[in-house]
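Each of the next two complexes has chain A plus one other chain: chain B in the first, chain C in the second.
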Partner chain A sequence: MNIVFLLQSFINGLSIGSVYAIFALGYTLVFSILGIINFAHGAVFTIGAYCTYALAVGDFGLNGLLAGMSLPFRLPFPLALLGGSLLAGGIGVLVERLAFRPLRAKGADPLLALVSSLGVALILVNCLQFLVGAEIYAFPSGIFGSLPMAMVFKMDGKVLAVRTVQIIILVVSLAMLLALAWFMNRTRMGKALQATAENPETASLLGINVDRYILSTFFISGALGGLSGTLIGASFGLAGPYFGVSYGLKGLAVIVLGGLGSIPGAVLGGLVIGLGEAFLPPDYSSMKEAVAFVMLFVILLARPQGLLGRQTIQKV
Partner chain B sequence: MSETILQLDGVSRSFGGLMAVGDVSFSVQAGEIFGLIGPNGAGKTTLFNLVSGITPVSAGRIGFLGRDILGLAPHKVAGMGMARTFQNIRLFAGMSVLDNVRAPMQAFSRTGFFSDLLGLPASRAQEAQIMATAMDLLNLVGLGAKARAAASSLPYGERRRLEIARALALRPKLLLLDEPAAGLNLAEKAELSDFIRDLRSRFDLTVLIIEHHVPLVMGLCDRLAVLNFGRLICQGRPEEVRCDKSVIDAYLGDSHAAPRT
Partner chain C sequence: MFLENYGFLIVAIVQQALLGMSLWYPLMAGQLSLASIGFYSLGGYIAAIMGTSPAFAAWREALGPALYPVEWLIALAASALLGLAVGIPALRLRGIYLALATIAFVQVLNVVVLVLDVTGGAVGLFGIPQPFESRLGYLWFFGPLLAVMLIFSARLTRTVAGRSFMAIREDELAAQAMGIPTTFEKVRAFVIGCGLAGVVGAMSAPFLNTWNARQSSFDASVACLAYVLIGGARSVWGPLLGAALLVALPEVLRPLKDARLIMNGIVLVVACIYLPQGIAGLLASLRRREAA
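Let's look at the complex of A and B:
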């Protein structure tokens, strides 16, 4: 252990943790308004990453229905990121329309929507595989234009390297977090959304169009999913249509750890797990995927409601 | 009192085999304070749920402001000018007192989403106006000083008043009050009648009120309807209802139905 390793781990953890946070917020928003986990969120994450890739790089690889085709244009990365996120938001809206609203309209048990969202997730991921194949895509190195790939600092003879993509991730994620906090707390639409989350029926009796706010929530959630998928993809590549599955599970660990339905909880949970992974000694790096769940296990033993969750008192 | 605000024709609702509300018809005229009374389980709150659209009716028709509102989404009915409070108070506990009153005003937003997001002058002017209206309402119910407090921190009586302020934020024509006096002490109950009358004249309201506290109802309401086992057994002015034999039977139990314990 030395100061450079600590600093390097801290930067790595903060960067990845902030993506976990915005990804997990997508789960949290839907959960707080409907009281169910949207299992299609991992699929939206994946599709968002592929959409951005398509917009920025323009071709679709060698397998699948779209093999050999290419878009007539290429967008610069920031615009592609925006476009990919908006498209993912659209997919989120589709998920609500296909998996959630029909069941809600029939007054079905909310738990059933959990199963139907899982089904929609499988369909989406398989469609994606059908279209673009199962190969691995990676954003080309020149994606950030003239920015260098990394900044390298020398300290005490040791090397501290900060990749440009890490900084981009950190900046974009923090900006999203601030924007979301501002939206929820300062705008009237945010207030109406909170009211809907607290009690949809009461909100509807106060003239709030609940279905519209649920739809907006799925759009925001999907856009956050697509944004985080893109950022992860830009950092580690797009490892096939199923690469969202493990992040989907990790996102669940994040929200349970932070406290279900709590927005600050999702942020804290994301940072805790991101930093926990980053501070894993290099010798054990193959255990990285287990970190989130070990932490989840330990913390839930001490605080069953999660770090910032509210203790629910069952009223009889 | 000419215009009919609310019109119920043969409204029924059953849950499984249980007839919660059966064939109820009455109408409420503009400017009236109309009372709905009846023993526990008589179907009064169910009737409120039917009128406000959160429970669909099994049969019958409900007209509000001359329009058939059956099948209309609750937020649309609310937007037409019907607001309600709840027997078991339902505030947005996680929000401040002020935000509870501001949330329903979303429905009146005339500026676009992006205008709001960017804080354009039109949005700001509207926000200032909403703020002023919300504060007026809070001052009216005596909660102006607690605007920034969490709604969950209020004592019981103040929660009731906040719920009324929140309902008024919808600028309703018809206000449905579900047992507003429940849990209030005697002094508060005494103030409540004057408060409701004051609201009626100030906001040009029509009020439909469910209440158990008989002296309050008799003193406050212009007309009453009495429900028992989901059926309308009597309606009329308070002095007529008070003397009606079926009402006395329903409340005190007639010699056949109520075994003494």
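Let's look at the complex of A and C:
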């Protein structure tokens, strides 16, 4: 243990943890309003990353229906990120329409909504595979314009490297968190969303169009998913249409750790899991993928409502 | 000729139906589990290790074909114990926690089998001894198990345990108020399923001849759940009907190539919306209409 290792792990963990946080917020928003986990969130994450890639890079690979094609334009990365996130928001709305609304209209068992969202995830991911193939895509190195790839500091004769993409991830995630906090607490629409989450029936009696707000929740959730997909993709590459599945599952561990339905909980859970993965001793790095899920078990045993969750009281 | 060409398919349907059935028991108590594939993987590794590892050479020598039932029993015991460990913390709580805990369990298991030496890491285990010449022979493994489990399920719906499961499914608070120990019953329903999935895994390792971490992907978990829900979670025949449809569908849709996975998703969504009681529910309502 030395100070450079600690600092390096802290930066790595903070950066990845902040993405986990905004990704998990997408689950939390939908859960707080419908009480259902949207299992298609991981697929939206993937599609967001691919949309940004298409807008920023424009060339498709060798497999799938779009093989060898390219878009007639290239957007700079910030615009592509925005566009990809908005498109992912649109996919989020599509998920609501296909998987959730028909079941809600029938008053069906919430378990079925979970399964239909899994079905929509299967459709989305396989459509993507049909279009772009299963190959690995990576953002080219010049994607951030003239910014250098990384900053290297020398401390006590040891090297501390901070990748540019890590800083971008941290800045974008923090900005997104602040924007979301402002939106939820300071705008009419945010207040209406909170009211709908608290009690949809009362909200509709107060003149809130519940269906519209559910749709906007899915849009915001999808956009957050797409944004985090892009950030992860920019850092580690797009490892095929299934690369969102493992992040989708990890996001579930984040929301349970923080407390189901709690917005600050999702942020804290994301950071805790990100830092937990980063501080794993190098000898155990092959166990990294298990960290989030082990934490999920520990929290279920020790504090089932999650770090910041409210204990719910069952009423008849 | 038919049996030769479709032997693998028939056995696969029965095998997948059994995996679906292992989720049917927790669902009977209203609990959604995605664990089957994890216990299936565990059972498979137990059979694969006992069938190939030099450490068990003496056992194989001494037991001969009796080794297989011993593998099943060990897989059953290991899966049931691990099922208790996963089930108790998650099932103290109401709601979606079992689904989340079982997802976590499968993910941790997948990391562990990739790291351990005894499971062959990412490559997995090969050359697991096969007791039957033809694929169809494995019906001698899976067929009787399916029959026993179908009878067991049908009997279960008429016992105190089964009735308790169903009472919890309908209304957990009311069941608790009636004096049903809800956590105990939910864990019991879950552990029955875990044990079954473990045995199916132990039977499947020789059937597939090789075993690796790809046996327990998240997609496979979802598929098991889909068998039950599309077949019908409220009928003992549900898992079999669902598995027959969903395992045969990709064969029928072979001309669609890559697009057939999209079809799987569409079937799942459409079934959730239009067939909430599954195929079994549809058949039952048709029969009622005929009788009327």
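What we mean here is this: the second predicted complex is superposed on the first by the 315 of 316 C-alpha atoms of A that agree within 3 Å, B and C clash if a C-alpha of one lies under 4 Å from a C-alpha of the other, contacts with A are read in each partner's own complex, and residues count from 1 in each chain.
Basically, a residue touches a chain if its C-beta (ideal position, glycine included) is under 8 Å from a C-beta of that chain, and two chains touch if they have at least 3 such contacts.
Computed from a prediction, not measured in an experiment: that's the story for all the values here.
More chain A residues lie in contact with C than with the other chain of the pair chain B and chain C. Once the two complexes are overlaid on the shared chain, A:192 sits against chain B while remaining clear of chain C.
In the overlay built on the shared chain, the residue A:37 is in contact with chain C alone; chain B does not reach it. In the overlay built on the shared chain, the residue A:181 is in contact with neither chain B nor chain C.
When the two complexes are overlaid on their common chain A, residue A:127 makes contact with chain C while staying clear of chain B. In the superposition on chain A, contact is made by A:207 with chain B only, not with chain C.
Once chain A of one complex is fitted onto chain A of the other, the partner contacts of A:280 are absent, as it touches neither chain B nor chain C. In the superposition on chain A, A:118 contacts chain C only, with no contact to chain B. Across the interface of their complex, chain A is touched by residues 32, 89-90, 92-94, 96-97, 99-101, 103-105, 107-108, 110-112, 114-115, 173-174, 218-219, 222, 225-226, 229, 258-259, 261-262, 264-269, 272-273, 276 of chain C.
Residues of chain B touching chain A in their complex: 52, 54, 73-75, 78-79, 83-84, 86, 90, 92-95, 99, 102-107, 109, 113, 116-117, 127, 130, 166-167, 169-170. On chain A, the positions that touch chain C within their shared complex are 37, 98-99, 102-103, 106, 108-109, 111-116, 118-124, 126-127, 129-130, 245-246, 249, 252-253, 256, 260, 286-287, 289-290, 292-294, 296-297, 300-301, 304, 314, 316. Of all residues in chain A, those touching chain B in their complex are 183, 187-189, 191-192, 194-195, 198-199, 201-211.
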